[in-house]
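Paired with subunit B in one complex and with subunit C in the other, subunit A is shared by the two complexes that follow.
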Partner chain A sequence: MKIKSEQFKEVAREELKTRHTRAHLDVIGLFIQEMREASMATFPDPSAALELGRAIRAESVERLPELLEAFEKKATANGAVVHWARDAREANQLVLNIARERNIRLVTKGKSMVTEETGLNEVLVENGLEVFETDLGEFIIQLLERPPFHIQGPALNIPVQEICDLFLEKGVMKEPTLEPVELGHAARIFLRDKFHHVEMGITGVNFAVAETGTIINVENEGNIRLTKSSPPIQVSVMTLEKVVPTMKDAMHMLRLLCRNCTGQKIASYTSMDSGPNRGAEADGPRELHIVILDNGRSTFYRDPEAREILRCVRCGACMLECPVYGKIGGYPYGWAYSGPMGQVLNPLMIGQERTQDLYRACTFCGVCKTVCPAGIDHPKMFLRYRAHDVEGDSRYNATRRPWPEAGFMEMFTWATKRRWRWDLGIKAVRPFINRQVEEGFIRGLKGPLEGWFKSRDFPAMPRKTFRDRMRGRKE
Partner chain B sequence: MSKTVKDEILDRLKVAPQKEPPPRPMMPPLNELALNEEEGIEKLVETLTLIGCDVHRARDSEETLEKLTEIARAEGLTRILASEDDVVSPLDLPEWGKKSNVEVFTAKDCRDREEFKRVAFEEVEAGVTGVDFAVAESGTLCLVHDEKQPRLVSLAPIRHIAVVPVDRIRPVYESVTDELFAAGGKAPSHLTFISGPSMTGDIQATLFRGMHGPKTVTVILVGQASS
Partner chain C sequence: MNNPSLFIPCTVDLFLPEIGEACLQVLRKLDLVPVYHPEQTCCGQPAIHAGYVKKAKASAKHFIEVFGGDEAVVCPSGSCVCTVKDRYPELLQDEPDWRSRAKELAPRVYEFSQYLVDVLQVEDVGGAYAGKVAYHESCRVLRGLGVSEQPKKLIRAVKGGELVPMQGAEVCCGFGGEFSTNYPEISEALVSEKAENYIASGADVLVACDPGCLLNIGGYLHRHHPDKPALHIASFLAEAIRDEKR
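On to the complex of A and B.
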């Protein structure tokens, strides 16, 4: 997938005009919010459950190297083959090699954000393999060649008419229909044949358990289970932060993931692999390959604050709560990861110079941080990225601010450092600022601050400052 | 080569400044842990029903087979695939099938993997399995997959019928994983938690069942609380 994060503003402007995007964001957000609250309320103490989840993820990230080694050891002992990949290119090559060495032609995939990140599909297709995304939403956007709209509902916003036309054009069905259920059924029939004859299955990983060497997948459709049951070869790709210390921890995170993702107590299917099949079974993979992908994560891990984003379990709660995502949807973020988690992760992965608008598209309401079951403080990171820009921090490819802004801030800092400078400054700028007062409020200002006043106003500056008035009282 | 990539990545992680992991806060135990046997059964029935499973009760094997006959008749089943796990085997479904005019397939009857897959994907109208555990917390059926419990039986056919002996009910997931992943033992190569039918809401958030897996999950609870 081409990364288009630089075009954030342009795409956001377009999306604001799209009726379908708007209609869905308005409804789905509210619906899931209610389901989440109801399902969280089934814990005897919901906030304690949330805090425990946050502690588990924090510990997982702090103990990352040790847990990864333990996981590899156990997974290998279970009979899985563990591969390590520095970056997307290496991971894709590894998967391609596994397929080539075994003369694989037909591949089915379970939805995975990591293979979205590496652009695995393109590589496999370029090399002559037939690759089918099998999650219904992911199947639709694969046919449309579009990025995911939301990590759980990649095609939620696509109108039925468009899906109908697409399915007819691509031969998924023969008779037109606008019924979502019938469209889904057509996809079932079409993909069933692929599941029957698939030679290699590719999945992501939700949790990797260090204690037992087990990988865990969570889903509602059954496409991941089919991808792990029908073909003789299974390849599961995970980024290195998926690991949790114990099976108990995984079970608690499973509860939190499902409740925060779709508002379910648990998803329809959770499947756990500890090695390939044992040889005598009628189905299941003879070979289980686990690819552990770094792709820049171990580099920003050196920054103890930046590494906090690695706690993310991809539940998507932050997106559906975010007032900005709620208006513009997933496309403007321009990559696999959208919403607040994408706003934190993308600058670290692809550099701040390409994501300038991403971390500025924030109202600092902090709701993302409040709901996050992994304990990520998104707004804190947005402030840090802005600070990197001001300082021109080269490690993050930060971009210095335009000179009028930088100059103004310098002056402002200078002015606030001494009492007399501030008092004098206030007196000097008051007549200038109060030029456009209407009924006691400044409604707009010409010049560089114009944008700020588009949706806000500001009380006129009174003749006397607070201190002046207090002094008056004493006398 | 793979070795060097691994070391390179791990070394970068290891030289990073260490932070003390935060302490684990206490969480009050889940409500289900306080349930007695009878309440556990009730809770399971409640949670199974809530997520869209049909629940039937049977006192013993004989009643289980009667229920199965009823279900087969109501749904018009003529061909089913059964696993050979320790719950289903004693029921002798092939024998039951002869009496009930239902053709019963098992993995054992299939020549090879291809034939088994063809039966699972194309021939049968339902899959019948036992369960290793059922979790009251969320109406979750736990299946350990092996020779006798092939993965596709509970997955490929459009209906899943599960036989659940009441003594296999557990309050929470950890009661299951503690037992299956006990230190020193061999972990199950594939373990599935099934909680209701296959589902999706991917088109216009319209929920519907039977996306890729079973559209219906029917549970026959066998036995009563011992006390």
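On to the complex of A and C.
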């Protein structure tokens, strides 16, 4: 997947003008948020449930190396083959090799963020395999060749007419229809045929249980279950932070994940794999391969500032609630992970230089941190990334700030140290700020503050500060 | 209860001094004589948020020196209070003496409505207002400090004032300091929605506990709906007190 995070501002401007984006985001705002809150309220003690989830994720990440080893041991004993991939290229190559060695031509996929991250589809297709995304939304954006709009609703914003045209063009159906149910049915018929002939199924993983060596997937369409149970070969790709200590922990995290994701107490389908078909079983793959991807995460693990990010369970609560995401949608973030989750993750994954807007396009409203069931403090991470830029920290591929800003901050902080300096500063900037005042308000200023005045006025700076007024009072 | 010390944020000091005066008026109505340290400046939030954390240490230290001896520090801005409470200890983590001074000061710094209701245990400051009031839940007041009921209690206690619900009251107004100038279109989308919700609520006035939000929402209203006022809680209460006397 091509990374376009550096085009954040332009794409955001476009999206703000796109009627369909706005309409669908408003729907998310109205319904899914309410469903999320209502389903969280079904816990006997919602805040205790949230805290337990945070504790589980904190423990999982603290014990990561040990838990991964335990998971590998158990999964292997169950008959699965565990592969380790250092980066995206290695993971893709591993999957490709599994397919090649078995002469596989047809692959179905369950919705998976990690394979978006590695760009697996492109690699398989380039190498002559037929690959079908089977989640309806994911299927649509695969045909459209677009990034996901939302982590759970990748094609949420695509108008029905566009889907109809697309399905006709790509041969998914023969007769045009604008009925959403009929469109869904057409995709189902089309994909059902693929499931009949599929040779290898690829999925992501929601949780991996160290205690039992089990991988767990949740979904609402049943396509992941078909992808796992129809073909003889199953490949499940997970990033290394997906592991949790016990099955009990996994069950609690599922409760939180489904509520935060789609406002459900439990997803329509929850499937667990503890090894391949053992011979006497009715279905299930002959071979189960689990690919564990690092792709930079072990580096974050070693970095005490960044380790916390590994707690993320990709529920999407942060983006559902984020006011900025709620206006611009997923495209401006320019990669697999959007919203606050992507804003904390992407700068580490692809370097700060290309992702500056991600940690700057934030008002510090703190709603992401408040709802996060994994206990991530997103705003604190954004402050750290900003500090890395100021310091020009090369470990994060940070870029130094422009000198006018650095100079201003130098003077500003110098002035805060003594009141006489502060007053001196005020005297110096007042005529500059107040150069165009109409009836007590500034209606426009050129320069770095220009953006403000596109839609807003600003009160003129009064002749006397509050302190001046207090002094007047005493005298 | 000793007299509180007043911490006036730079936005109020420079642009909205009437909010500071309103704080004084309300506190005096409660027979308090607030202390004002004239050497105070700014908490350093703009520098911290922009990532200049090393430089902002100087601002934090100055603040701690000025206010460190006070029993209670009252501030008409939730976000500045959060800066002192949450950011200072982090900022000063490699200087243990300063860090412990910051941590020791933190619990004594209060947002204005929080101080009235939680510390003074005053919910009714008197005053009268004939009209409907909408309340905007400023992010750092609501989520930063957990303050939400306090200002609403104060508003409800004003004679004749009717607190009306507002759609999306707890959603960010789109200010975010430098965010508002760096991403003006996104900021506008948020503040215009806030204004729409305020107007749709049927309220005659919008009240908030943070001058940042008020610069943003007020600035937008001044341009597009000049007849719709947005007031700081202190200004709203001070006006209500004045109106009752009339």
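Operating definition for what follows: the second predicted complex is superposed on the first by the 425 of 475 C-alpha atoms of A that agree within 3 Å, B and C clash if a C-alpha of one lies under 4 Å from a C-alpha of the other, contacts with A are read in each partner's own complex, and residues count from 1 in each chain.
Keep this in mind: contacts are C-beta pairs under 8 Å (C-beta built on N, C-alpha and C of every residue); 3 or more make two chains touch, one makes a residue touch a chain.
Quick caveat: nothing in here was measured; it's all calculated off a predicted structure.
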| item | value |
| --- | --- |
| Between subunit B and subunit C, more extensive residue contact with subunit A | B |
| Touched partner set for A:D45, first subunit B, second subunit C, both or neither | first |
| Which superposed partner A:M272 touches (first subunit B, second subunit C, both, neither) | first |
| Which of subunit B and subunit C A:D135 touches, first, second, both or neither | first |
| On subunit A, the residue positions that both subunit B and subunit C contact, one per complex | none |
| Interface residues, subunit A side, partner subunit C - complex | 9, 12-13, 16, 323-324, 327-328, 360-367, 369-370, 380, 383, 385-391, 401, 405-406, 409-410, 412-419, 422, 426, 441, 443, 448-452, 454-459, 461-462, 464-467, 469-471 |
| Touching residues on subunit A, where the partner in the complex is subunit B | 24, 27-28, 31, 43-45, 48-49, 51-52, 55-56, 58-59, 62-65, 68-69, 72, 78-79, 83-86, 90, 134-137, 140, 153-156, 158-160, 163, 180-181, 183-185, 187-188, 191-192, 195-196, 211-214, 220-223, 225-226, 228-230, 232, 240, 247-248, 250-251, 254-255, 262, 264-278, 280-284, 292, 294, 298-299, 301-302, 304, 307 |
| Complex interface listing, subunit C residues touching subunit A | 8, 12-17, 20-21, 36, 38-42, 44, 46-56, 58-59, 62, 79, 87, 90, 139-140, 143-144, 171-172, 174-192, 215-216, 218-220, 222-224 |
| Sites on subunit B touched by subunit A in the complex | 2, 5-6, 8-10, 12-31, 47, 107, 110, 113, 116-118, 120-122, 137-138, 140, 145-147, 150-152, 155-156, 172-174, 177-178, 181, 187-206, 208, 210-214 |
